[in-house]
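Report on one structure; see the data block that follows.
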Amino acid sequence: MNINSQLETILFVASKPLALKKIVKVLQVEETAVSEALANLCFKYNNQESGIMIIQNNDEWQMVANPDNHEAAENFLKAEVSGELTRPQLETLTVVSYCGPITRPELEQIRGVNCSLILRNLMMRGLVKEADDPSGLLPKYEVTMDYLRHLGVNNLNELPDYDKLHNHEHVSITLAQSSEPAA
Amino acid sequence: MNINSQLETILFVASKPLALKKIVKVLQVEETAVSEALANLCFKYNNQESGIMIIQNNDEWQMVANPDNHEAAENFLKAEVSGELTRPQLETLTVVSYCGPITRPELEQIRGVNCSLILRNLMMRGLVKEADDPSGLLPKYEVTMDYLRHLGVNNLNELPDYDKLHNHEHVSITLAQSSEPAA
Amino acid sequence: MIQEIKLEKFQGPLDLLLQLIELEKLNITEVSLSQLTEQFLNFLDKLENDRSEELADFLVIATKLVYLKSKTLLPYLYPEEDEGPSLADQLKMYQQYILASKKVNILWSQNRIAYGRVEPPVKNTEFVLPLNARGEDLLKSMQKLVSRLRPVNPLPKITIDRAISVKQKVESIWNALKQHKKMNFKDLLSVAESKTEIIVSFLALLELMRDQKAFINQDSAFGNMEVNLI
């Protein structure tokens, strides 16, 4: 087992500060070995050319983006949550608007593609949220009040052609096909 | 400005596959410079001792943990389960892996069976997607980064016998045949 | 046939051919494939009952086999020419992807997953309406989606409902032959309602020839085919 490599992996995936003790427990090696590996990792990453840094706060360790690049990182992350929607994102938002509250499997059945990443992005943007529906086994998604307000409507049924498109027969037929055996 | 470093930061914070075009847009540099930086980063990370890997799926890139360390990573993340693949799923994924991006008629020419249902099924599972290819009249399909991550390979060309099966002597002729009008 | 291949054990026509080849311990060549024609055709009738939606795929390969078979029966009718990749080539290639899929499955089943990380999301301090997510954008997008979801005409089902099995066709041609002794192949086809039925008629005719119930006269290439009772 390569401690340096495993340490690098867990700092990478954790996305939060990790206590030395926790690392020792996960890697199941001596504390001195972990400390040594942490020193190696700092040596590897902590230089100006690196895009990733290892920071220490008392006995906690974290892998973070190089603060020198914070502008690039922020521009990127902001664009993710404020720019124009991609075509698949817009379509997903559309289905949630006209057919919501809707579960992810239903949404995917209608669109024919996996929607997990897109839903996450739409939720991050505050366009979509999980509906309050304690009865359902699967979470249902709906658009947010914020979004509706910015569209200038008070209620979903004020969306253009809502009555016609809300329970459109093509959509219900597609949903009914979901139980077909996988080819 | 250090492109290598910024690229490393962006891939680190992105938490998802990034298209080359998107990186070019974020970093606001020439595409060739980004490609070069990506090659540098692969050289830096992609060795067995590294805890982080750079993986490529056609024109998409993602920074991920070394699959050899998946058990350590699962202490901090919910373990993803690959789930079994049925034979038709496996067969279709294999052809799309080695020959993608590929159109449906091409795929059907190789498999000898209609593939519309199975493609839909794989797209809903998030293992296959439509390639971003505005030029083509017919949509082309390719495997997703999630599929690559679950195989634990950095690039499709690491698949067994990739060169032989990717540039199969009959594929091109067979595919040429498939574009002829139906007999 | 040494063993029976069960209907549910193969996926498509190429898979069936591969299994037949393996059962008979043959190499993948045009000659050995042509030897499998009849066995392959036997499955068409079974498919018609249980997996009719796949019939079209099997008919494509069936016609190729029938072509190979007729070529080996009557080689003088088929001058040597380059016809592109043969059915044998296609099958060999398919076999290689099947082998590769087994290796892919090993990789897949290892659960050796390369995990990504999740960056804590950056929340906008206030709501930002994406420029292209206004009411009219939603409407257009929904209209597009609804038209994309329009159910396809159930055309294939209708065709298959009308399709006649090889066995039925053999019987109907045989009955007609017994009555007329001699018939024009074109007349046999005149009742055909679809391409499928034309193929089925041709297959049926080959079966009758194989069973030595009929023979065919043709005075020139593309000339009339005269079907005779033996």
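Each chain gets a letter, A, B and C, in the order it is written, and its residues are counted from 1.
In this text, contacts are C-beta pairs under 8 Å (C-beta built on N, C-alpha and C of every residue); 3 or more make two chains touch, one makes a residue touch a chain.
No experiment lies behind these values; they were computed from the predicted model shown.
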item: Most widely separated chain from chain C, with each centre as the mean of CA atoms; value: A
item: Most centrally placed chain - per-chain CA mean versus overall CA mean; value: B
item: For chain A paired with chain B, centre-to-centre distance based on mean C-alpha positions, whole Å; value: 20
item: Euclidean distance of C-alpha centroids - chain B vs chain C, Å; value: 30
item: Distance from the mean Cα position of chain C to that of chain A, given in whole angstrom; value: 43
item: Numbers and ranges of chain B residues touching at least 2 other chains; value: 12-14, 16, 63, 65-66, 68, 73, 77, 88
item: Sites on chain C at which at least two other chains make contact; value: 115-119
item: Of all residues in chain C, those that touch chain B in their complex; value: 11-15, 54, 56-57, 60-61, 84-85, 89-90, 92-94, 96-98, 100-101, 103-105, 107-119
item: List of chain B residues in touch with chain A within their complex; value: 2, 4-14, 16, 26-27, 48-52, 63, 65-66, 68-69, 72-73, 75-77, 86, 88-89, 117-118, 120-121, 123-126, 129-130
item: Residues of chain B defined as touching chain C within the complex; value: 12-16, 53, 55, 62-68, 70, 73-74, 77, 79-82, 84-85, 87-88, 90-91, 93-95, 97-98, 110-114, 148-153, 159-161, 164-165, 168, 170-171, 173-174, 177
item: Contact footprint of chain A on chain C as seen in their complex; value: 115-124, 127-139, 141-147, 149-151
